[in-house]
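Below are two complexes that have subunit A in common, paired first with subunit B and then with subunit C.
Then we have the complex of A and B:
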């Protein structure tokens, strides 16, 4: 079967662009704290969600609604409502991370397909099977800490579908288990749906040298004419012992397009593209390229080469943990 | 409130590991969680010391639980996690993989690496057999209070991170190894040189984080000195103290005195400074704007955060 391309949509326009460009599936979220890309100006209100899902369905595409932050104590109703509204808008599945919310969805919305978010960091077959047995989860988005052989081993021991990230931003920490951002800024992926938020970024010009700070911590320092990467905490420049540099990860983004055949062989069902914060033209271009790649694979033809390098906005590309270079 | 000693987060030699756990027998704490939380490669070095440590602590009247790893990916890690269930002690689940191996209805504890953010999650864990939950450190006091109420309702004891470097992230990549130009499989146990983690500073030389193999911690030691009354008021059952190489016996005694009302926060902070003058403190996850904040810094005569 052809591998499923799962594309981000931060806006209704991006959703339409992704579907038109050939996305099999689009994922998106409501415009509040219930989703892990809670950025200003992004995401869908209820009417937009209903319309977007209608548009996708009319074009033979599916829509997954990400409700993948961890509900705040005392405010679970907001998250419960999001699940109910996703169902009534016609979503093909919800993407959840929280145990309590999974339990709620399984009991109150049994007919609504449940996917496990990468934010749940289920990283082995026992964990996947546990979520399937406990909550009827049909698909798991795998954390970006696994190599291709590890992914193959997982698929050999589970009937749950797996989805992996192939392009875009790259977390080097196990997702959903990182509070670096809230330590430095008070705003976190798990609680607020944001990481290293722009509201806490400041650039400081000190005579030809530009500092990028997050929450007051200097994360990057570049010459005035050099490109200044966004100060995401785990991709910052730090010193430890005698070393100064990108101690956790370089400012790179993920591109696993050349690994598509291996991921297919490893039993992966769906390929996920990160970037609900990206423009619709970016989304359309990435979708077209990945769709061409999986169609070529299905037809037994060679993959088109190096198609996406120019979309990385000058950042270096990495295959992340997939090639086992971490291990 | 009473006191729990969490699992050692760092890599110490087997002898040091044994001596530390033997010492806890006489510490004024109520329970101890032991075992390997961070990296499965460390476990073979002290695994054979665990039964003796358990026997000593149980004989001293401590409740004892075994921690699971915080991130389970490899086959041998899955096996080690499954084996925990057969040890005859409570398991502290720090990755849900461990729960997959516990028969339905077996009582268990939940550690701070499991995402427990709301009442629904506590209710589900309680139905599954949880009797004690240490909340994730990033939760604010208002959430802690809500969750303590939910815990009481479901018969689950609620613990809060009381002292020690905060576990902020876990990865598939070993940063100690990466720093030495090695991969995780060929790490040569570089993390052993740093019994409290390796300090990570910003480009301005500001202390910020600490590296501990695949784990990233805060530079500052969380400290609940100023929060004891508020946490008690919220209905929290226990404070968790996380082991460190220097002065840990004194730290346990100080928190005991603080809970008993025999030590005031300022005096306690002063004494912590005597253990390690460079130790920065934080309690911002509970009451600050951000995790790194320290409520002591708002007092006029206290050391500023980045001094």
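Then we have the complex of A and C:
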């Protein structure tokens, strides 16, 4: 069976680009705090979601709606409405993280397929099986902290489908447990849907030397011809004593393209591409690349050579935790 | 296709230098009228700007001797060409070819930022909103110009196609209809 390519769409135009480029499945979110890419100018209103899902279905693709932040006490209705609207728009599944919201969806929308977001940080078979038995979760997106053998061990002990990230921005923390952004900005991906919110980011270019500041703190300074990174604290360049360096992780993107055969052998169902904040150009290029790779795998041919470095943060790539070589 | 560093075409000085003598006032009027036509045909672009629908942006084609101040003005945009740095809440700067490539979906904004071909200053949130709104609008500037050309549309399209091939600059919307 062909591995499923699950592709991001931040806008209706990106959704169409993804489907046209060969995505089996597209994931997207509503334009509010219910999804973890709550950036200005991104995401879908209800009419756009309905239309986008219709377009995808007409072309044989599926749409998953990410409602993967954690409801604020007293404001749960916003998240409940999002689940109901995803169902009425015709979504093929919702991607949820919060236990309460999973319970709500299972009770009130039993016919709506439920996936577990990476934000829930379920990283062992017991956790996956608990979500499946308690809330009828059919698929779990695994956090980007597992090696390929660990993923194989999980799949050996569960019937739940697994989905893993293969390309895009790389979180070095277990997702759903990272509060770094909150320390500098007061806002986090878990609660507000934004890591390093743009409203708190400022760039200053002086003679080609680029400073990136987050919440007033300088977290990078790159020279004239150096690639620029995202302004996230986990990729920040810090000085301590006489040493200056990237404390958590270098500014690189995940690319596990060459590991697709091993991930297939490890029992992975779906390959997820990160980047709902990226353009339709990115979406089309990355989808074509990965669709060609999984089709080659299915046909027993060698994987094509990738051409994705220029799309990557820092214009450099890593296989992340899939092959663990920590400093 | 997103470029590798140093691959963005630059406007040749032989073209840019004469533009210094260009009278900006008539161009300002023409561009404002042009942008209002786009606003009528692509209202979603202005809806998507949300809180930034009245923000003034400075678009700085770094290889041309002027900058463009753009005020979406709630769907009745105003455009002003000016020499110098221009004034606005957010500045997006890069070679003209990079800015056109973003509009036409040929380049990815983050990739241009990583490669330092694009510089963002000021209100990052506003700049992101504009970039995302334009990316979603699937504009084709050559097509928008051709609307005003009556019987000259066909020769104009041929001319644009030839210029695009020769210059490597994205002058039309990238063809995304290449189905898998």
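Worth pointing out:
Just so it is clear, the second predicted complex is superposed on the first by the 305 of 327 C-alpha atoms of A that agree within 3 Å, B and C clash if a C-alpha of one lies under 4 Å from a C-alpha of the other, contacts with A are read in each partner's own complex, and residues count from 1 in each chain.
Simple rule for what comes next: a residue touches a chain if its C-beta (ideal position, glycine included) is under 8 Å from a C-beta of that chain, and two chains touch if they have at least 3 such contacts.
Please read all numbers here as calculations on a predicted model, not as lab measurements.
After overlaying the two complexes on the shared chain, residue contacts for A:62 are found with neither subunit B nor subunit C.
When the two complexes are overlaid on their common chain A, residue A:272 makes contact with neither subunit B nor subunit C. When the two complexes are overlaid, the chain among subunit B and subunit C that reaches more residues of subunit A is B. With both structures placed on the common chain, the touch criterion links A:139 to neither subunit B nor subunit C. In the superposed pair of complexes, A:24 makes contact with neither subunit B nor subunit C. In the superposed pair of complexes, A:42 makes contact with subunit C only, with no contact to subunit B. Once the two complexes are laid over each other on the shared chain, residue contacts for A:281 go to subunit C alone; subunit B is not touched. Once the two complexes are laid over each other on the shared chain, residue contacts for A:180 go to subunit B alone; subunit C is not touched.
Touching of subunit A by both subunit B and subunit C, each in its own complex, is seen for no residue at all. Taken in their complex, subunit A has these residues touching subunit B: 70-74, 76, 97-101, 103-104, 120-127, 129-131, 143, 145-146, 150, 153, 172-174, 176-180, 182-186, 188, 190-191, 211, 215, 217-221, 234, 236-241, 243-244, 247-249, 321, 325-327.
In the complex of the two chains, the subunit C residues touching subunit A come out as 1-5, 48-52, 102, 105-111, 113-116, 119-122, 124-133, 135-138, 174, 176-180.
Contact residues of subunit B toward subunit A in the complex are 70-75, 77-78, 81-82, 95-97, 99-101, 113, 115-125, 136-139, 142-143, 146-147, 150, 166, 168-175, 178-179, 183-185, 198-206, 208-209, 211, 216, 218, 284-285, 288-292. On the subunit A side of its complex with subunit C, the touching residues are 10-14, 16-17, 20-22, 39-42, 197-199, 201-205, 210, 224-230, 277-282, 284-285, 288, 291, 310-315.
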